[in-house]
Structure formats: structure tokens, C-alpha cells
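After this come two complexes, each holding subunit A, first together with subunit B and then together with subunit C.
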Partner chain A sequence: MNDSEDIVRLESVEKTFRDFWLRPTVKAVDGLSLSVRKGEVFGLLGPNGSGKSTTIKMILGLLSPSAGDVRLFGLPPRAIEARRKLGYLPELSYLHPFLTAKETLRYYAGLCGLKSGEAKERTAQLLEMVGLADVAGRPVGGFSKGMARRVSLASALIGRPELLVLDEPTSGLDPVSTKEVKTLVKALAANGMTVLTTSHLLADAEDICDRVMILDHGKSVAEGRVSELGTSLEDFFLAKVGDASEFRLAPFLG
Partner chain B sequence: MTAMIGFAKVFWLEIVSLVRSKTLAMLAVASVAWMFAAPFIAKGDGTADGAREMFVRYSLGGAFAILLVSLLAAATGSLARERAAKRLQLTMVRPVNHMLVALAKTAALTLSGAAVLALCCLLMPFAPGVGDGVLGRQCSHVLKPRLPSAREEARDMYDAYMADPETPAAVKKAKKSVVLRLLENRAIDHYQTIATNDTVTWHFASAETAAEAEGLAVRIRFTNQFDVRQDVRGELRIGPLSGAVSNITQAVVTVPLSRRAAEADVAGAADGLSFSNMGSSSLMLRPRKDIDLLVPADSFAWNLARAYLEMVSILAIAVAFGVFLGASLGRPVALFVAIVTLVVGEISPSVIEQYPDELETSVADRIGLVLTRFAAEVTRPVAALQPLGRLASDECVEPRETARVVLMDFVAVPLALALLAGLVLPRKQDGL
Partner chain C sequence: MARDAGLSAIFTCGSALAVFGAIRAFRRELETGTFEMALAHPVSRSGFFLAKTAGLFVAYLVFALTAFGAAVTIVIGATVAGRIAARTGEIATVWGPCLASGVAVAVVPLLVGAALNRFWRFRFVLTSMASALMLAIASAATFSVLIGAGALARLAPAVALLAVYAALLASAASAFSVRFAANAAASLTGLVFAATLPFVGNYYMAEALSYGGSVPWSYVGLATLAAIPAAGAFLLLGCRFVRDIG
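Up next is the complex of A and B:
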């Protein structure tokens, strides 16, 4: 593997959350190493509480690791140069309710340093792409969850990022929108964009990811190319993290 | 250039949020409504001067207080609420300097407050009892007698005071800094006795130039009882100007000085103001507090403009502090700390004035005084500014002081606080 092609690189990363008195409360990520190469779609999978979101936040520079090293484009994640090449879609659409869809995109275009003319052009293109051109002048506070998700996705793409980080990209979308998002991600990857995504929906991950890593209790339990699994991603996943062993259904079923 | 676009966008977003959430409109309505309602609650002495003074102190002052508290509250929520709603992370992952985010929010909130305050100032001539003639009124520079500072006087007195057998033992055991503070307070209140038929002279900086000015006046404060000051008679002289002091019915009198060509041979010293006591009893005055030479300055409109700049600077420093707290703490805690700081800043000077030293107090009181003194020192840049008091008294809000306040409180301190907020922001995001 050529290190210079690693867009994201984590080496022995740990994250321990602490309380007010700095006593450790939970170790969310434990000795995790991974690399995301240029142009690939990398899926970070795992059950709830496995450390996916914490890992994503460390890659984004929103959290700093307790130990280990995180590199984004070979730089610390909080470096402005690294953030310039980054697009991020959070798990929920955290939009400013007073802004219209167009204003939202123009705002993030400004934060990405796009000049007025370019921002205007890019905003129109993206609103057209996510199918919101007709409602571009409406405040996003009144949008449905699916529409808000589309605005967020367009915002993530506004700065022409080289790395797109998607946290549960199809969360809250209807089947048609889900299919559209998957098609979009594939198209972006085909155009050379690197995508790092997390998902609970293994079928979605199977459709779009080139390579996946499965996390459990903050550790990597498996990593490999989807095409080389030799079984469905769901079977592979359940084999690695167990199949609902925490649920004890018998007492309720009589 | 990229940084400036990012700054402009965050600034714009904050303004849009304030406008579309109707916060700015509510703030403007509340401030203006108070300004016009206050004269019906706090009534003056029936004169136009009284109405103007009451208006400046209570109407404009009340509107400013509403703005100060509201903006401080809004500032604490500006970053904290966005962080709680997780919107902030979408800004944090963009290539924008975190300090500029804090600075843009500070600038937007300050500008909003400045706009509402400007509206209040512009509406002032239309307020009941004030009238548009107010803008042409003349204000005065206030010159104080040129004396050694109270601190210098305290240092000079220290050795003699400690050697004096009548000095209490508790004082002799106290730390030098405590005794010096005690002596400094005494020096500020140091009385000068002027016996009958005696003349004293106080020197003022640039008094010679002042003596040439038209409309020069002297303001004297009397702290003694009415029946004593009724008997005060005397004459004030500076260069070719003089004024008579008699029939004192008020605690503060302003004596206009006029040219007396016929008595040029007995003119006063050109560099000093002399007072001859012609009454039947001795007179006691505190030169540092009771004697002011009033030198004509520019109009009330200009004075209002300078007071406005100082008030905007106070808003800026309060907003910057609120934004910094919001970057460092959760919204409720940030708001609590901001309000407590504001209250402590406001009351600490009067607490210190009432309990000037810690010689005869309990341990708890001594600790309280030390903390209060610290709070007063920290909040002095805001609490010490009294542009409205000077404006109400027709005293000139000095341009040099305004420039210093704008430079420090509008520029330097908010910049420093934004820098700190920018440093704290990612760490707070980290859950620390």
C-alpha cells in the first residue's frame, strides 16, 4: 500500500471519554488502525455503540484522540488545508431553520471560500441535482426529513470535496431517495471522489462500498473488500459481531 | 480572502437569525418603548434641563441596560446553543478559522445592539419634555485641580502616620498595602479649610488657555448642611475673570465667570483659580471632589455621539465576554456566569466604597472584600465607564478617553476574547 495515496489514516487510535473530574467513563475506540485510499468507497460498519461515530468525529477533527495518530490528507484533521478538501453529511440534518435551501448552500459555499459567482452557480447545480430547485426559496425549517437530508447532502458537496464523509447517509430516506443517494455516491466515486461512510443498513453498504471495516466495542473485528467476502455482507457481519445475542426473547414469548 | 468570506458568512448568518427570529425587532421595540415610557415614571423637577437629565439617565440609560442584558444573554447562546443543536459541527469542519467564527458572531451581535442604540439616540429629540433644541446645547470639559495623586499623598503620609502614637495598634499591625489603601481613601476625601477672609488658589492644567475662553464656569459641591452653606459668600477669580458666590441654596452650584475690565488690577493668577472666603464662617471643601473648572466644549449632539461610541464599546466587550463564555460552557452555566459577573461588576465599586478596608472585619468579610476588589478590578473597563452620567450633567465625554475606550473595549479586548474562544471551541467540542 502506498502511504501517499491514503486520504485518511488512523494508527493505534484510542478515545476515552471522561467525566467532569477527568475520570474515564467509557473507551469508545480502542487501538484502531485504518486507511482509506484515494478514490475508494470505504464503509465503517458496526452495531450501535461500536465507535463508528466517534471514529468519524476524530477523522473530522471534531474530537481529538486520547492516543494514537489521525491524519487527513497527511495533515492533522484540524488543519485548515485538510478541512478545505472535506465534505461531511452528519447522521441528522442539523440545518439553520431560518435559512432557505438556497441560502443554506450559499452559506456553506462561503465557509468553503467559494466566491460569489461560483457559489451561486454551484448552489443552482446542486439544488437541481438533489431535486430541490423548485423549493430553493423556502426556509428549511419547514422541510420534511427527506428534503432536509437532501439539503445536507448538497451542503456536503458544495465545496467540491475530495473526501466525502457520510454518517448514515440513507437514514430517514424513503426507498426512492435511498436509491438516488446510492446512485449518487457511486457516481461520485466513479468520478474519483473518496467516500467514507457509516451505515447500519448492510444492504446499502454492500451496494456502494468497495471495502468495509467492521467495528465492535471500539475495535476492528474484520476488514476487507466486499467483492472478496465470499458470502453476503449481512452473514459476514453477523458472524463477526453475533446475531442479537443480547436480546432474551424466550420469557416474552412464553 | 477566503477567511474574510468565511467571516462575512458567519456574520451574515447571525444577523439573519436575529432578524428572522424577530429578536432584533423585539429588542428595538422594548428599548424604544422603555425610552418613551420612562419619563412618565421617573419625573424631573419640571424644568427642561431636569427633563433632559432624567431622560438621559433613566430613559436612554434604561434602554441601554435592556440592550446590554439582552445582548449578553444572546451572546452566551450564540455558540452554546448551536453546539447543543449540533449545528456548530458543520461550521467547525469547514475551512474557517474558529477565532473568526467567534469574532463574526461578536461583531454581528454588537452591530445589532449598536443599530438599536442608534435608533434610541436618534429618537431622543422627539421624546416628551426633551425637544429638538437639546442637540445644540453646549457641554463643558471638566478640569480638576492639579494635585498630587491620592496614592502619592498616601505614600507621603505613610511614615508619619505609622509613627504617630495615636494610630490604632490594629492599623500598625496591618499590611502596608492595606494601610496605603486606607490613607488613599482619606486623601481622596481630604478637606481643605478656608478661614474667613482667607484666599486659596487651586491650579489647573491648561488654565491659562481656559481663562481666555468665553463661558468659563466653576462648579462647587457643598457637603455641609444647608444652614451652614446659606452663609457662604465669596469670590472666584481666574485671570481677568471672576464670579460671585452667595446665597447657596443647592448642594451643587455652578458659578459663571465673567470679565471685569474695571478690576483688572486685582485680577487673579492666570494659571490658577482663587477663592476668597468673604462669609462669616470657615468653609471646608475637598479639592479632589468638590471643585471643577468648566471649560466650554462642543455641542450636546457631538457629546451624544461620543457617549454612543463608548456605549457601543461596552456592548462589544459584554458581547465578546458572552460569546467567550458560550464557547467555553453550556448555555445555562454561561448565562449564569455572565449575569453574576455583570451584577458583581455593577455593585462591587459601591461595596468597596462602603467597606474600604479590612482592618476591623471578620475573616469572612475580609475574604469577601478581597474577592470584591478583584471583581471590581477585572470588570473596571465596563463598570468604570459612565458616559451617560457625563452626558446628563452636560460634561464633555472627552474625545481622547472615547478613543482609548474604543481602541481597548471595542477592538483589543473583543479580539483577545475571540482568540480565546477560538482556542477553547474545539476543546469544548471535544467534551472537555
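Up next is the complex of A and C:
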């Protein structure tokens, strides 16, 4: 693979959060370099607070890196042309509670620049796909967590993206819905879509990812193809990031 | 007194609605993450901010129009009461119905909008605005017939002046609420309010109207010319703040 096939490219990226007086508070990402190639499912794994979501937000242009370079389709991530090819599923379902499922999708279709007829058709198609066609006219504020997640997933796909960014896609889903999401991701990848996903659920990542990178304290501690790890992803992960010994349970348990 | 009350109601409620409407809309979107979701789509950050501010001003016009309709209706009631009193020699007790009709003018458009939204999924703001516009026109027409178009012509520039002022405050509130928490945004907009209040001269304007005078359109024009660069500066500041998010 050459560089031109890199859909996402990060080079020595750092992100330091600062307080109101511009004093540094936390370095969330520290010298991270990665590339996501066309057509692959790339998993960004790591424990809570390892910098996964911050990295995703820099790729989306929602956060600016403190140092280093981020490229999305070879362009700066805030370029409208780059974001036209992007679909994003955030970790939490950020939806306007008073809009119906159909209106939510039409709203995001409008932001993606879809024409009215195409938006209508695509909305119906996606609501059918995520199994919400029957409740399309209900405000999403009354939806269960799983249903809201499905609406968010449909919103991420509304603009026919080439790159799908999923932040903890199975978070809060029951086992059936989790399996459906994984099947969907595999199907999208089989159709040539590039997928970048974060997760701390290693079994999920093992099922869907072609390649993974493990982050810890904002740094990459390992990267490679899932099939080449030579052990289960969980064992590999624990070996790289550490086990539960930090909890020091003995004093509490007597 | 009715004119004073009507004008002050429009001034105070209008300014407060413009400011708090802007702050609430921006802060709620920023805090719930829907703003972030929108920015992840192929939209220009500045364009999104300006479109949202414009949308807020349109929503504000709904309230301004209903407040105008309510004020006019109260004035109609007061005038009719005065005529009854002059003819019969007794103090007419029509304030209750007058206030009720004034409140109805303010509330009915919102109820109509809510009903259209609830049962037919019409856009709430659009339907409210259309209803408010119709009621404001109906009130103004009734006012013209009963009291004379001259009186309405004297009131109109004052209302226009207040709308310009509200637009200025809404721009400031929108810009500040992108960057600062709600309390800080409200405080900063309050400073803008305090700094610019003397230039509006609400008290003298209301007094002039009460004594049969009027606010000249040339003054409204000058105020608009002064407000445009100020509102423009606040909108530019807002565009800068929205680019800095993250």
C-alpha cells in the first residue's frame, strides 16, 4: 500500500488540553502516528482515558492537534470536501429529542447536502435497514438507548460515506443489537467502505477489525493485523497495557 | 400609560427573550453534543453559526410580533374604554377583557403552532411565525380602523428601533455563548446592554409617544447604521469563537 491510499494519516500528533489560563492540564495524545488504508477496518483500542476519542475527534476536525499533522483523504480534516466523505457515530447518541427518527435523518441529510428527493429515499432505506421504519414518526427523545443508537448509526450512513468513524459502536447495546452492528460493519467493509472504530470490548474488535492499534496514555504501544498477533487479542492487550493489579484489592478485602 | 407599558413590555421582554433564547440555544447544543455532531458534517463552521443566529432572530421575530400584537390590542382596549367613559360619564371596566385579548394575541399563535406541530408535524417556529404575523397584522389593522393609521405610524418606528436593538443583543449573546458558559455569556451580554442602553433612550421615546410625538424614521435609520457594524463585529467574533472550538 502506498501513501496515496491512506484515507486517514496522523504524523507525530500531540494534543494537550489547557485550562482557561492556557496552563496545560493533560496530555491526551502524545506523538501518535497512524494510517488507515482504503477498504480496511481499523480498530483503535485502549483502556478508558487512553486517548481514543481525542484521536477520533482530531481526525474529524472537532479538535485541533497541539502538534503534528492530521490528514483526512489527503486534506486537512476541517476541509468540507474531506468531511463530505465521512460518516461519524459518536460514543453517545447526540440527538435532538424533539425530532422524530425520520426528521433526524432528514436534518443530517440536509447537512450532507443531499437533495430533497434523494434524502427522502435514503431516509426510508436506512430506517428500514436499522429496523426503525415502524417508529419513524416518533420523537427520538422517547427512544430506548439501543433505538437511539440505531438512529445515530443511520445518521452516520446518510451521506453515503467512504469512511465510517465509529466511536464505541456497541456501547450500550444488547447482545442481539451488538451482533447486528458487527454484521453491518462487516457488510459495509465487504462493499469497500473504510471503517475506523474505537472500542475497549476486545471481542468486538477481534471480530470486525483487520488491523488494530493499542493506545495507552496517549501513545501507541502496539500495532498490527489481528490475524498476526499470535495470541488472543485480550491476552495481547493485557500484556501491553497491564492487568488489574493496579487496583490493589488486598487491603480492602482484608 | 398603556403606551408606556406596551413599549416597555416589548423592550424588556424582547431584549430578554433575544438574549436568553440565543444563549439557551447555543449552550444546549454545545452541552448535549448536537453542535459537535453538526460540525462533523460537511458544513462551514462560520456558516453554521451565522445560519443558527439568523434562525434565532427569525424565532425572536415570532415573539416580537406577538408582543407587538399584544401591546396594540391593549392600546385598543384602553382607547375603547376611554371612549365609553367619555360617552357614559362612568369609568369603564374593560381592562380585564383588554388584557385577556392582549395575552390571547401572545399565546394563540404559539398554541396554533404547537397544535400544527403536534398533530401534523409542521415546523413549530414557521407555523408560530405565520400565526403571529397574521395576528399582528390583524391587530394593527383593527388599531388603524379604531384609532387611526397615524397613531400606528407613530408606534411602528419605535417597534422597529427595538427590533434593531434586539438583533444587536442577540448577536452579542450568540457570540459569547459559543465561547463562554451560560452565566458568563449572560453577564457579558448584560455589559453590552448596559453600555448601549443610553443610546436607545427608551424612556424619552416612550414619553414622546405618550404625548403624541413619534420616533422619526431617520433616527431608526441612524440606529440601524450604528447597529450594523456593532452586530457585524459580534458575529465576526462568534465566527472566530466557533472556529476555535476544539
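Note that in this section the second predicted complex is superposed on the first by the 253 of 254 C-alpha atoms of A that agree within 3 Å, B and C clash if a C-alpha of one lies under 4 Å from a C-alpha of the other, contacts with A are read in each partner's own complex, and residues count from 1 in each chain.
Keep this in mind: a residue touches a chain if its C-beta (ideal position, glycine included) is under 8 Å from a C-beta of that chain, and two chains touch if they have at least 3 such contacts.
Everything numeric in this text was worked out from a predicted model, so none of it was measured.
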Q. Aligned on subunit A, subunit B and subunit C: do they clash or fit?
A. clash
Q: Would you check which partner chain A:80 touches, where first means subunit B only, second means subunit C only, and both and neither mean what they say?
A: both
(Q) Tell me the contact category for A:17 with respect to subunit B and subunit C: first, second, both or neither. (A) first
Q: Check whether A:137 is in contact with subunit B, with subunit C, with both or with neither, and answer first, second, both or neither.
A: second
Q: Using the superposition on chain A described above, determine whether A:100 touches subunit B (first), subunit C (second), both, or neither.
A: second
(Q) With both complexes superposed on chain A, which partner does A:115 reach: first (subunit B), second (subunit C), both or neither? (A) first
Q. Which one of 189-197, 225-233 or 387-395 is the stretch of subunit B that crashes into subunit C?
A. 387-395
Q | Common interface positions of subunit A, toward subunit B and toward subunit C | A | 57, 60-64, 78, 80-81, 83-84, 86, 88, 90, 92, 94-96, 103, 108, 111-113, 155, 159
Q | Residues of subunit C defined as touching subunit A within the complex | A | 32-34, 36-45, 121, 245-246
Q) What part of subunit A is in contact with subunit B in the complex they form? A) 17-18, 57, 60-64, 78, 80-81, 83-84, 86, 88, 90, 92, 94-96, 98-99, 103, 107-108, 110-115, 155, 159
Q: Going by the contact rule at the top, pick out the subunit A residues touching subunit C in the complex.
A: 57, 60-64, 78, 80-81, 83-84, 86, 88, 90, 92, 94-96, 100, 103, 108, 111-113, 137, 155, 159
Q: Under the touch definition given earlier, write down the residues of subunit B that touch subunit A in their complex.
A: 1-2, 5-6, 8-10, 12-13, 16-17, 20-21, 85-87, 89-97, 426, 429-431
